[in-house]
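Some structures to go through are shown next.
First chain A sits with chain B, and in the next complex the same chain sits with chain C.
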Partner chain A sequence: MTTKLFFKTLNLEARTTMSYRFDFWISAVIGFIAEFGAVWFLWNAVFKESNSDVIGGYSLSSMYIYYLTVILISKIVRGSRSKNDIASDIYQGNLNKYLLFPVNYILYKYAQHLGVMFPSFIQFFLFGVVVILVIDLPNDINLSFTSIFMALITIFIANILYFLMNYMLKLTAFWIDNVWSLDAFKWFIVSLLGGYMLPISVFPKNLQIVLNYLPFKFLFDFPVNTLFGKIGVEIWVKEIAISLIWCLFFLIVCRLVWKKGRLQYTGVGI
Partner chain B sequence: MKKYLRLYAYFLRFSFSKSMEFRFDFFFRILMDFAWYGTQIAFFSILYKHTNLLGGWNFDQVLIFMGSIFVVDAVNMTVFSNNFWWLPTYVNRGELDYYLMRPVSSLFFLSLRDFAANSFMNLFFAIGFLVWTILRYPESFSIDKIMLFIFLLICGILLFAMMGMIFIIPVFWLHSQKGLKDIFSSFQRFGNQPHRIYSGWIKHVLTSILPFAFVASYPVSILFENSPLKAVMHSFILVISLFLFMRYFWKKGLRAYSSASS
Partner chain C sequence: MPLIKINNLHKKFRVHKKEEGFLGSLKALFKRQYIDKEAVVDVSFSVGKGEIIGLLGANGAGKTTLLKMLTGIIHPTKGNVEILGYNPWDRKNEFLKEISLIMGQKAQLWWDLPAADCFLLLKEIYVIPEKQYRETIEELSIKLNVKHLLNIQIRRLSLGERMKMELIASLLHRPKVLFLDEPTIGLDVKSQRVIREFILDYIKKYSPAVILTSHYMDDIQYLCERVLIIRSGKIVYDGLLTDLAQKYSPNKIIKAHFKEKQESLNILLDLQKYGEILHNEKEQIHLMVNRENISNTTNYLLEHYEIIDLSIEEVDISITIESILDNKKLDSINDY
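== the complex of A and B ==
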């Protein structure tokens, strides 16, 4: 697949996503405020009723910033749902053309994924700038150019990892009739174990050890802590290497499932 | 009324036979809901490792609250969610004509036609979990309180469904993919937490315009309070008001609808 085609696909998908502009921006702004509002009240109550100043290494104000950041980062890591996802291609027989076209299917889908995500990328920067300008950062958050640079790389890898997990799961559409519930299942697991619902440092210690061996923390908790300057460069390099190994693992599994699944495919309309 | 009950029986029969076609989906729906129940229980269990009370409730009380949330969600997933999912598609494609031509209320038909038989099993689990959390509670509850709790929870289920519909109806004007369903899902988080953690104007919003606090939190709180009548009246008035508003809003929406064939 040529670079030109990759960016053309990305561009087309971004423009399609932006076609529902009102719905998109209203949902984004109100959704962001509502989601943050709910956790604001929750953690306010937890800190007040526990009489604690620090929980899981976070003060109340840094806990707020954690959630603001994780909500924003998740927009880029997850992207939005595309109408042209792999499962739809399989169910509707659209896969026929991709089997004939001289394009790498997984790369084509990743270009579409980035395109759908593009408006979320704008939201990330707009809301991110507002957050940085409006809110005084607490002392335990050390935002620097190095941490921002490291975080951007981490978020990019998290995006690839999430895409590959998603891709692997959607390929099961070769065998099963509806992948919607599996998709929701994945999100429930990932949001809890990846640090979206709660920072991992809040989990019981033995569970934290188990989570260290799983790929989920690389999606949300690790990028946020990298941005906050809580990860040293040496540890960061090691963790990035591990996250890349997870990406490779999912890529290999995806290829194997794709090979098997293609044999199951009965192209509608052939 | 008899006509509507007979019609609903046909909906059920059709939905059960349809769900048998997709057996994997039947299994995965159960798996998905169990994952949701599991993450919610884990979430509150972890929070309670750091505090003994949340919104004045201990963990046993929050477990009853979670059971109530699961029941509301299971009823919604079984009875309403499929219908709400497809409604924006019908409106955007101009395919409502078929439903508007029927000699029954279009709102009734489009809200209840598709019963998700594949979510039905989860309803049993959710009810079972709620009963278990009530039975394991260290103190027993009087029959009066249990009856009031059930009444308020039914009101909560209706409020949740009507709010869901109210957020989808704007699709008649917006022609977006899901109406304002994503905004509804974001607000829903307020209802999944005990209402006593909220203060100020948001507390008033959650008990009036967007009564998420009355979906499960208030019903559970009457089990632990001595004067529940005010909450019962409040909930009942909310159900009536929201129903009247939803019907009015639906009629307004239909006026903005343009068919694909006309």
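== the complex of A and C ==
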């Protein structure tokens, strides 16, 4: 697959996504407010009940900032739901055409994935700027150019990692008819263990140790903490290396599953 | 050297039986029942450069399944395929750049994009040189009269217009091996003709190896010399289209032009002894007669009636093919 094709695909996908979504901005803003509102009430109550100022290293106000950030970051890590879903390609037989193209399917899908999430990029930066300008940051959050730069790299890798995990799951469509029922389950696991539902530092110590050995934290918890300047450069480099190893691991698994799955494929739909 | 070489190819589909009702689904959770379906059975043939093969068969005969194996979409259960020296299953880029599969049943172009954008994407996918790309688009879109439609989203085009775009798209990279799966399905007579002529044009210019399936005999007769007839996954005929009639149609048609209108019932009864009367209007009578009785019959006619003109023709090829497709005698019945 040539670089030119990669960006051409990305570009086209971004354009069609933008032209389709009249409701895009409205739904984004409403979703954001709803999700953040729920978190607001929940943590307000929790802090009040527990009578403590700090939970898992977070004060109430930095807890809010955590959620604000993680919701924003997740837009980029997860990307948008796409109609070019790998599972539906397999299920409906659109895969036929991609099998005929002299291109690498996974790379092609990744280009599409980046294209579809392009509007999320814009949202991320716009909301991000608003947040930084409008909100007083508590002093346990050290936003700096270095931390922002490191966070961008981290988020980029998180995006790849999430894509690969998702891809692996979707490839099971070669065997299972209704992969989408697994989607909710996947999101539950990933958001719980990755630091989307709760910051990982809120969990019991033992669980935290276990989570440290799993790939999920690289999706949300680690990018947020990197952005907040809580990760030293040395540790950051080490963690990035580990997250890249996870990416490689999932890539290899995906390839194996793809190979096995293609043997099952019957080219439905024609 | 043949461009397409196929040896003892088999494909068996395994489908799990879906039982009816809720209880059935529950049972299937624990024990699935499978049915094996032999879609392609022991198929061997080869196709040379510039050769156009018509693949004929009833619905469900296994034509599309065969093409899917030849293009590397599905894995053969047994046997091997070699196209341009490659095994399609490996999906080597060099191989994929030389082939094309056109499916009349299913849109391959991107639904939301106008054709012009689709073509640009294909240009990058197949790494087509700028000059060749421009020339091809220009030439083909004028030939098919779709130049004014290039900037309209594919989903807004009519079936025929879309098919023309699909055709252009699949020829952009000038494939050396071309698979056409019912390219004219659902099109009106004029569009069918335009597309037929267009395909022939491409074939004359680039002499690819072509396998074409179609349920329209016109397509086959216009484009193919050699045909393969496939029945229940097996090839039952591989040879020239023109030989087909002689081999498989036991009958010919005698068309007699009488001097005056034959009204008496007698003559009709008389002729029915020789064959079946297909047509009887004014002075014309068409009689379907067994090959062996042709000379007897013509002699009889000429001796007993005043005839201006008399011709002997083959039965319409599509009738012959239909009878082959229906006829279970041609191979062992128990496999059917």
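Here is the rule we use: the second predicted complex is superposed on the first by the 266 of 270 C-alpha atoms of A that agree within 3 Å, B and C clash if a C-alpha of one lies under 4 Å from a C-alpha of the other, contacts with A are read in each partner's own complex, and residues count from 1 in each chain.
We take it that a contact is a pair of C-beta atoms (placed from the backbone, for glycine too) under 8 Å apart; a residue touches a chain by one contact, two chains touch by 3 or more.
Just so it is clear, the structure is predicted and the values come from calculations on it, not from any experiment.
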Query - First, second, both or neither for A:Phe203, with chain B first and chain C second - result: first
Query raised in the report: If you stack the two complexes on chain A, which partner ends up touching A:Glu49: first (chain B), second (chain C), both, or neither?
Result: first
Report task. In the overlay, work out which of chain B or chain C sits against more residues of chain A. Result -> B
Query raised in the report: After lining up the shared chain so the two structures overlap, which partner does A:Leu99 touch, if you call chain B first and chain C second: first, second, both or neither?
Result: second
Query raised in the report: Is A:Leu263 in contact with chain B, with chain C, with both, or with neither (first, second, both, neither)?
Result: second
Query raised in the report: When the two structures are overlaid on chain A, which partner does A:Phe249 contact: first (chain B), second (chain C), both, or neither?
Result: neither
Requested in this report: Based on the superposed arrangement, let me know which partner A:Ile176 touches: chain B (first), chain C (second), both, or neither?
Outcome: first
Query raised in the report: Should A:Ile30 be classified as contacting the first partner (chain B), the second (chain C), both, or neither?
Result: first
Requested in this report: Take the contacts of chain A with chain B and those with chain C, and give the residues found in both.
Outcome: 20
**Report entry** Of all residues in chain B, those that touch chain A in their complex
**Finding:** 21-22, 24-25, 28-29, 31-32, 35-36, 38-39, 42-43, 46-47, 49-55, 174, 176-177, 180, 182-183, 185-187, 189-190, 192-193, 196-199, 202
Report task. Please give the residue numbers of chain A that touch chain B in the complex, ascending. Result -> 20, 22-23, 26-27, 30-31, 34-35, 37-39, 41-42, 44-46, 49-50, 52, 55-56, 175-178, 181-182, 184-185, 188-189, 191-192, 197-198, 202-204
**Report entry** Of all residues in chain A, those that touch chain C in their complex
**Finding:** 2, 4-5, 8-9, 12, 16, 20, 93, 96-97, 99-103, 262-263, 265-267, 269-270
Query - Sites on chain C touched by chain A in the complex - result: 13, 64, 68, 71-75, 91, 93-94, 96-97, 99-101, 103, 105-106, 108, 110, 112-113, 117, 120-121, 124-127, 181
